[in-house]
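By letter and in written order, the chains are A, B, C, D and E; residue numbering begins at 1 in each of them.
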Amino acid sequence: MARIGVFVCHCGENIGATVDCARVAEACRKIPGVAHSVDYKYMCSDPGQTLIREAIAQNKLTGVVVAACSPRMHEPTFRRVCSESGLNPYLCEMANLREHCSWVHEKSDVTTDKAIDLVAMLVEKVKRNKPLHPIKVPVTKTALVLGGGISGIQAALDIANAGHKVILVERDPSIGGHMSQLSETFPTLDCSQCILTPRMVEVAQHPNITLYTYSELESLDGFIGNFKTRIRKKARSLDEKLCTGCGLCTTKCPNKKIPSEFNTGLGMRTAIYVPFPQAVPNKPVIDREHCTYYTKGRCRVCEKVCPTQAIRFDQEDQIVEHEVGAVVVATGFTVKETDFFPEYGYGKYKDVINGLQFERILSASGPTLGEVKRPSDGRVPETVVFIACAGSRDPAKGIEYCSKICCMYTAKHAMLYKHKVHHGQAYVFYMDIRAAGKMYDEFTRRAIEEDHVQYIRGRVSRIYERNGKLIVQGADTLLNAMPVEIEADLVVLATAGVANEGAEALAQKLHVSYDSHKFFVEAHPKLRPVETNTAGVFLAGACQSPKDIPESVGQASGTAAKVAALFSMDELTREPVVAVVNRTAPPLYSTCVGCFLCQSACPYQAIEREEIKNRNGQVVKTIAKVNPGLCQGCGTCVAFCRSKSIDLQGYTHEQVYAEVMELLS
Amino acid sequence: MQKRSIRRAQINVLLEKLLSLHQVIYAPQKLGNQVDFAPLRDLQDLTLDHIQTVRSAKAALFPPVEELLRYQRAGVETELQDRDLTNLAEQVLFGTRPCDAAAIAPLSAVFTTDDQDAIFARRLERTTVISVSCERSDGDCFCTSVGVGPGDSRGSDLLLTRLQDDEYLAEILTAKGEALLQLAPELFGPEPAESKEAHLAKVQKRFDWEALHDKLAGAFDHPFWLRTALACLGCGACAYVCPVCSCFDIQDEGSQKKGRRLRSWDSCGLALFTLHASGHNPRSIQSQRWRQRMMHKFSYMPDQLQQLGCVGCGRCSRACPADMNLIEQVENFLFA
Amino acid sequence: MKMGYYPGCSISGSSREYGESLLAVLRALDVELAEVEDWNCCGASAAHNLNHTLSLALPARSLALAEQQGFQELLVPCAACFSRLAATRKALMADDAKRRQIADLVELPMKNIPVSINLLQLLQRVLPENLKEKLRAPFDYKVACYYGCLLVRPAEVVEFDREEDPEEMDRIMEKIGAAPLDWAFKTECCGAGFSVPRTDVVGRLCARILDDAVSRGAEAVIVACPMCHSNLDMRRQASESHSGKKYTIPILYVTQAIGLALGLDAKQLGLQRHIVPVRLSAGKSSQILENAPA
Amino acid sequence: MSEFEPKIVAFVCNWCTYAGADLTGTSRIKYAPNVRIVRFPCTGRIDFMLLLKAFSQGADGIIVSGCHPNDCHYTSGNFHARRRWMAFRNLAEFMGIEVERIQFSWVSAAEGAKWADLVNSTVNRVRELGPYDAYRQMAASSWQ
Amino acid sequence: MEALQKSAREALENHKAKVIIGYSEGSGGRMRPIFVQSPAEAEKLTWNDRCTQNLAVYIAKPEVQKLGKPALVAPLPVLRAVLQLASENQIKEGDLLVLALSDGRVTELSQFSEMEEFVAKTPTHLASKDQEAIERLEKMTPQERWQYWQSELTRCFKCYACRAACPMCYCSRCTVECNQPQWIPVPAHPLGNWEWHLMRAMHLAGRCVSCGACGDACPLDIPIHLLTMKVEADIHREFGSQAGMKVQSEHALSSFKVQDKENFII
């Protein structure tokens, strides 16, 4: 016979003021199998916990229901209390009297009746709870870092410096990410490349880091501590071991008119190319889409000029496999192109550019070598209009969020422009100036006050071209929405930061959730900001949401700390909420008939085939078997199994059936 | 026993009278393409123009679901409440065939030998059986092979046999039959001159059940079973339409607060019937279950209850989705 | 099934030439229209500022009649009428309760409300691939296609073309041999309903539009909305007095331009009804095309 | 006689709707007290038989709710559930079950207000429909 | 007929199969499944419109398995059942031979791929009486449908002939036999019958080959086959998949598409 203890918490006034807790405790005392039922002001307090501990000992309780707040809040607390009292922690359940009852209903008998129902339901469940034991799994102490931008670089270095192996995968031919494209960085205005390049080199030379550039994640299987990953090394079309990075091929390549991705289309590159001079590794790739040999079948100039005969036209993509224990996702973000904005000409005006393009114009290594010249005719623009929140915070554009970095970089852009074109006039259209951060507000004030950038609070409704000028029509909301019309030479849109192309597909490969904007979702917005809901997969940088450099680096180091903590153990424990296929006595062995329809329903490939053999070693039956290491406990297989041969520990058929039946009896 | 006559129209009057006395009348009615027993609400629905109903009339005595007791939790105690037998209705089985009526004896034997089943006994006590002799039969009928006949009066309180177009011979066989007569004596005419034999169906005798009984005694391990039960699907159709089959299951339904215990039909043809909690099943394959059915009817029941478990109604043959025809099975067995 | 036709009040009054040219061109293209019987005012420009229910009920009545008369699609050439009818359909199809309420109000059942399409949508569909072969002469002018505010907006109602920089009219003009210009005011406001109460506002707004078109070398402004036409054509004086310039650029309906290219008679196309005289005729580069019917 | 108060059972997933209902509480949004939540790890775990059980036990309405498509904590449990619901709902409708008493929904962990609306609208609709007597009578007739 | 007998005889003579599972003329105008083990018996095999049993149901029966490799006389539903069983890992390539029937011709099929091709070119629509019955029910009001099924299903006495006759009901433990918890009441009372039939139809969702054997098996003539056929037709319409067409197929309810319809979810 069950001996259940019920502990009703007042949560001070939170529950107590609305629900008659004494009546709840009293009513529960009458439930068959309840051996003990009390109410108390704060169950989660030390005295409250002691109350539970003592009751477990004195009443020899076989199960505990704590009727308090949401189990999502304090379930671990009370399970720990049970565990300390010698009761298996999985024999403890929580009835949610606060979030689901007292906080959402008025004080009344009906509310108290509901509270009693909620507890009674959990009492019936807990009567059927079985002691469960955490699952132990070994840990492979190698981390996979996806993305070689500043976040990935930082995470990789921190993990490697903690003494663990790291595999760093970058989609582009070089690591560096967006940060390598930037001119100067706010709020200090130090040169982006100057502070980034040493880190890139460190990555390349670190003994614990294996670097795969021009590579992409093919698949990730397994679970925390025990992932198996396949990485596609795209064909660079050259033997990296032989290539010395002399660059002769890139100078001789006859195909020189390909818009450079690194220079955001403002400069050109060759078909065999190194994206930028400081690239790591400093080895070219052949862009097969544009290479004359691949498109027309002849040329091979690079092959001829290469002093080490490193060119390999017939090279194929290669799949490499690794076992890793943790994954850091640092795949970054991208910005909207100007063609996203109908009111700004759908990208048809050459002199309407986005912020990243302006970074390249400002950059000393950029297409204009740092001189501010506009793309259409190379003239120095006398009037530049910067439009903040281009797309961001605009529900009509489907982007409700603030891209966070634009206010700061727009101030920087305007400032750098003024530094370079002293007589020029810079206007900034803005909604709000969001400059929260160390030395940030001071920075924007400096742009306004010292560099005399003219800030106009309002939005730009339309841009059109007239006589070689861009007519920027807007309104100044601080002047009673007075129409403003500026004849500009160049317009820079601080376009919204958005999820990277392919983020959705990547999330599905990684089994992590993503929001409606395809940014990856953290496990908890406040308390678990670098973890995902998939154990062992962590987030760093702008793949989660747009972030600036300090924040990305900070999060990357935080991620590295999580990975290091994970790797500090030789094995780790997992929640035992997993599915189990039943086993029965012969001749049935299991009620599973081996239809294996559950296999395709399982999101984790956790269902395997098990052959049951008789004493003579003959296979008598093939049934399903759940790999507890892979199973995450969703229970989709359980509801799917016709013969009810699979059950989910913690949410068994008996438990949920009893809950429902009790609720309405 | 006395013999009287009654006209078809008067039979209806009698039934009307019974209905007006709040008696439940189970009678053959047309349901879709089938004729089956059901509580009679309107005399228009009544049919006698059929060979055999799909189901037997046993549900009136041994319902598919029968409550045995109820329980309710009061404080820490649990109160048990036996089935109240005082409110069981008086009922009439009308239009049963002589084979159906003959089945009441073996059915009663199951429920009343050694221990009396109170509910069954009370139901039987409150049941009056008005049978109608068979004028026609079909290839599935074999009553004469198991000692029953198309005009057999066993088990009936009143037996009607059609003589002319709408004239019936009424054999008043028991006190309950007598009570029927007394209920409306004016409806009955004098004993007709004609005897019923000429008007009964001719049912050919297909096998000798005593020979079958004797052969079965040593046939438990006969290879016949395996061979002939290949087509058997393992459902309970034969048992559920059978007037004699009486296996049941006991189920408790309810919560810890209140509930009840039910008796419901079961069948030895179903694999679950003999499945042990351990997972072992002493009758692991269908041929063993088929054998059990034959053995039970033709060997064990005669031996232990002195009643043959079959009255030759042929319902099992008609209901079987795999056409396991009982006559053929028996003939083949005797030949094997 | 003939396509339903909802002319609206402008086409029956101030913009008769739009209706005349439309019918003439469609006749030439073998497209048949059937006018919705007993249609009523769409309530444009005024109703939705006053009373939301009324603004739905007015178009709803005509739509319900069209449904009853068996139409699945309605051509609504006036951009303002089109906007009201399309918006009403969208609102009522998305909200069963609202649809029932309005149906009660107009005392007509509404189940599958016909879809309204504007002139550009129709032309996109019916202009044949080989239109060039059917032309009597190309309409070889530099034209500024002026869409106005309602023809392609709001995007979620119209779901056709790009809402800020539409292109379909330009493509139609290309098909008849015209050279559409890239200009800035395709969807800029013309003043619309202020045509009567605030001619000064209309003058100012239209002057900007005409200025831009003329400065880019346009020889005609092409429209598909009676209000746009009225403001740019009828209020020419107000525009001129605002800018202090003279504008001679004529304003043509899409259908008039097509009609000219097809070789239809100027009178058939109602060109004589314009305030600003139209001195254009197809084939100014004297390429009368041989394959065309006379 | 007091006004009919429907009994509603809600089958919800732990990660989205349960958390969403928590947020309703944290936000102190009030809603009708007629609903009782049964927590599951995922909508994929919710057995259609439980819906039948709820009706047979006297529920007047049922809410089944989980994560929006693509938001499933387990990636695809809700997609499987969605197909199962589609099949179940069609069959139930074909058999004459009053499917308007079953409300399927997606409520995310951020949609506290949606949860309150969902409960209120379901309670109101079921209140208009009245007690589910037809189903209850079937269950009761099994007890005669 | 002769072609069928000839094929069967050859299959036995050439040792391509040990037993032919087919139909023979039974008693009282009924058809009877038979198990032909010698070429001489092949003359009993026949085929007509009354052959409604789905013979694939015998594949899983241990006694039948002991007879050796079977050849199944297979009208389309039987063939589809074979393919569906294969897709559910219940039979392997080479486990059986099929003598497929269509338009009076007999085609011997041994490979699943051949069976798939055969099925693909044979129309799979429902019998018109079933189609009409479903449509008639769909046109009723919900209350009428409820009444209809109440009166039909209340008659059920749970002999499980429907389950026994269904080739897809091969579980070694049916849900109705689970008693911890007791999902479905065992007794044949209205609720027990209702839940049983609803559950049976749901468990056949995406798996039913619409042979109608369950309805034909019912001794009480309850049209339960309409339930499974309706679910299957809906699944075909909504998700595009059809049971018993391909061995390597994604089962309708254990697969999904992101864009699956969800107009009933708010």
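The rule is short, and it goes like this: a contact is a pair of C-beta atoms (placed from the backbone, for glycine too) under 8 Å apart; a residue touches a chain by one contact, two chains touch by 3 or more.
Just so we're clear, the structure is a prediction, and the values are computed from it rather than from any experiment.
The minimum number of touch steps linking chain C to chain D comes to 2.
Looking at the partners of chain B and chain C together, the chains they share are A. More inter-chain C-beta contacts link the pair A-D than the other of A-D and A-B. The most centrally placed chain, judged by C-alpha centroids, is D. Taking each chain's centre as the average of its CA atoms, chain B and chain E sit 32 Å apart. Centroids of chain A and chain C (each the mean of its C-alpha atoms) stand 49 Å apart. Multi-chain contact residues, meaning those touching two or more other chains, occur in chain A at positions 588, 601, 640, 653, 657, 661, 665. Of all residues in chain C, none touches 2 or more other chains. In chain E, 175, 183, 185, 187, 189, 192, 253-255 are the positions where the chain touches two or more neighbouring chains simultaneously. For chain E in complex with chain D, the residues that touch the partner chain are 137-138, 142-150, 175, 183-185, 187, 189-192, 194-195, 198-199, 201-202, 205-206, 227, 230-231, 234-235, 238-239, 252-258, 260-262, 264-266. Residues of chain B that touch chain E in their complex: 31-34, 36, 54-55, 64-65, 138-140, 226, 229-231, 233-237, 239-241, 249, 251, 253, 262, 264-265, 267, 270, 272, 285-287, 317-319, 321-323, 325, 327-328. Interface of chain A with chain E (complex): residues 588, 591, 593-601, 622, 640, 642-645, 653-654, 657-658, 661. Contacts from chain E toward chain A in the complex involve residues 88-90, 170-175, 178, 180-181, 183, 203, 250-251, 253-255.
Here chain A touches chain C in the complex through residues 342-343, 345-346, 348, 462, 464-467, 471, going by the rule given at the top.
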